[in-house]
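Chain lettering (A, B, C and D) follows the sequence in which the chains are written, and residue indices restart at 1 in each chain.
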């Protein structure tokens, strides 16, 4: 009976996260449109797109691995999300947080891309391997400052458990990692730019260069799964950052806690939107070099700062 | 605008030092060895200008061989004009170049007047000059949006194309047409300016300058734009004359070639304008030159607004144009479009139908020889930016 | 410009010069002199810029006229060079060594007029036409309307009027008794 | 449209992979398109409602009409309000805009892109040149009627049609989709031989599979 309850809770929290992620995507589209001087699509446009992609009459496949690509990607999104406690101390939104889940989450962030690489390579279009190569190289580039920041945070709180890290930040706003360990936050936020894939790091799906990168052959339901995962994955990433650096979301009333979560994730996302709306796109090698220069140095400084000061 | 240049002139033969090996100035490329991929950029590709395609052989992200394919827009204008009377020609010539149709209209009208010896009244010349400059502004705005969009900066293209639309509204007031105007007919123009046109134009010039001020801050002073455009697609002065490069692309390499100043037509002789050149020759210099020419065009329009007389004849007396015989002869009339020299070569044999009309577009060499040469050994990410910085316009290549 | 033409006249005999405008001259040279003239004009008289090269079909006297349009940056004058070649065995020497971009025009003319340019690079590639089976379309004796009717499916209902007849019946049918209107330029 | 005699078409139809060894045959597709029946009534209505509100254009400017698509997509007439967005790959696009005249070299690419699009797929034809040839009716290189080569759902007349006309055409297409009248995919599958015959009459070098599945 307990397992059924757990499954029910997991489904509920996954649904909430996906809906919030997709709504966030719609809001971001709207904000981009306002920057462009347009009205922009309605906020619920991503849901309509998902219904439309799932309702295609024909969906062409290129082999078994082609099926596995979106499935792996979605599994990566699920895995990333399911081990992050959305709301501290909540039974529904606590998810399966356990000791060492930070490493698990970092692994799952990688996992989705690898599965996508397997599937999209099967499509046979020359642009998808190019996009995969760009995506994987950029991911390994921004993983460096990100992991350095994570290590710094782990040293700071002597734990690899997100719940513990969030608990340690409670109390006052000054307990947040943002203030106790600012260097790590800077390094991690810069790598969030690459993780979200907005400009100037939008080299994976650059429409003018390799339209549109890995999912160029994905159609119909494959694309629908990918878009659903995009919502879920965005929410998972933002919630992870909120937990690690911005004090998480904790409140006895669960609705208030959800509201806090939404506000915080929104503003974390706004950071990368702000950068993305005002910069063109890097050349791939420029992007890799960028990540391996200053953010890496800042991350190392963060470790030294935490370890020896 | 003499920026201290880090540009290295590569000479005529593209630098193939890295890949592939050259054998008797031919690259050895075998697609069987897993080193090369053959891809097509276009025609169905967001990164190409218009409807053309570039056949690429790439190694990693680096282009080792490029070959341009055009002809997707070929309508056979020259053949169609051979079986249309002179007055029937001019509604279709403006379709030759879509973003900037007025240059074609001016050239074909001026060619007919040159062959038939018609003198165009003053006011018509002023109106023609005004129309040409306005079309230059519209085309430059479209190019600026394309250049920013090719680098993935969508906001700039949204702004500029939205602003170009207000210029199209002015065109609609002036000519009745939004994209295709059919304004200049042989012997003059079709109609005079409407009421209050000058004030609206001045007000729009102010708005355009305000937008360009923002764009200069966000685009031309952007570190990433400089990092991507500087040193990309360097054109040396020797290459300009050898490859027939014209217009801003030639001026960015230091060649003083502006038809409006060298061979003035219309009323350009009475307007004060100076040649805008740069000595760097890379894509960023071309962008700067075009940006300053956009300002120059706005300045010229305001000059025209001040100097143009109010009334006056706008059409010379023509014979009955339906059976209008033009004496035999041949002529070549050229005008400065945004891409450079745009000329019409018209041969008449004394009948009601032209014997031969040839439209010489600036993209003819830019998009084929020059692009194929400059595209070698650049990253595939830069091809769209390079294509836009050469300002290729496919419909004027194949007509 | 006069000196240039005089020097040209010394170089080759029977040079026909037509002055169209102050900045546009046409000269007519023989086919065998073309290569020499172009090199001389480009190197010595620095007519460095080649605007275009095109062909005109004079079917009645069975000739093609090739036109090379040069431009001089210093004196700012266009000079067109006309060469008449035979229409039956249409062939012209390739000038692509003088200007590296001349091969494009030669390719287009080869496709549109069927004039051969031996030795011109990529001259046999298709330029705008793909799988073309008729005669070269820009020749005068190629009827594009008839070809279009035969190949594509014309939608019924299109009526094209000969402008002369049409205007005669629409406008001038009572021209005689229409009042005389003075135009302001009379 | 009138149906041609099938067996005489079968004689002149030739798949691109004919005469190839077995291991190369699979490189080309010789699968004929098959008719796909819509879902049951209410589900189809709901799905059509969603389809009409999320139209993805194929980013393929085949002619002059692409010039007016730019103002349409940008800040003056912003069609993304209606859920219309561009997709760079035909696998994901659902609306194909034929931007004006189509030369023979382009109609080949149009056919390929159209067949690569996943149904249900809709076609909007811009300009007079796609209806009856327009001012290029006598050109040797542009087709006269687009509906002989791919099924068309909506025509927008004019040379070139203004953005307002384009928006009106999009609304018309939306109404037709919601009524479930846009069935160009099945129409293409039913009259496949007729379309192929017309296409092969003008595309002389046919070096692509008969159905780009």
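To be clear about the criterion, contacts are C-beta pairs under 8 Å (C-beta built on N, C-alpha and C of every residue); 3 or more make two chains touch, one makes a residue touch a chain.
Keep in mind the model is a prediction, meaning the values are calculated, not measured.
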item: Farthest-lying chain, centroid of Cα atoms versus that of chain C; value: A
item: Pair joined by the larger number of C-beta contacts - A-D, C-D; value: A-D
item: Whole-Å gap between the CA centroids of chain A and chain D; value: 37
item: CA centroid of chain C to CA centroid of chain D, Å; value: 38
item: Rounded Å distance between chain A and chain B, as computed from the means of their C-alpha atoms; value: 44
item: Separation of mean Cα positions, chain C and chain B [Å, integer]; value: 22
item: Contacts with two or more other chains, residues of chain A listed in rising order; value: 36-38, 207, 211
item: Residue numbers of chain D (touch at least two other chains); value: 59, 74-75, 88, 105, 138-141
item: Per-residue multi-chain contacts in chain B, two or more chains; value: 45-46, 71, 74, 76, 79-80, 83, 158-159, 162
item: All touching chain pairs, where touch follows the definition stated at the start; value: A-B, A-D, B-C, B-D, C-D
item: Residues of chain B that touch chain A when the two form their complex; value: 37-39, 45-47, 61, 148-155, 158-159, 162, 218, 222, 224-225, 227-228, 379-384
item: Chain B contact footprint on chain C (complex, rising order); value: 20-21, 23-24, 26, 48-52, 54, 56-57, 65, 67, 69, 73, 76, 78, 80, 99-101, 103-104, 126-130, 137-138, 140, 142, 144-145, 163-164, 167, 183-185
item: Footprint of chain D on chain A - complex, ascending; value: 33, 36-42, 45, 48-49, 51-53, 55-60, 207, 211-212, 216-220, 223
item: Chain D contact footprint on chain C (complex, rising order); value: 128-134, 137, 142, 144-145, 147-148, 151-155, 157-158, 160
item: Of chain D, residues touching chain B in the complex; value: 58-64, 66-68, 70-71, 74-76, 86, 88, 90, 101, 103, 105-106, 109, 113, 135-136, 138-142, 159-160, 162
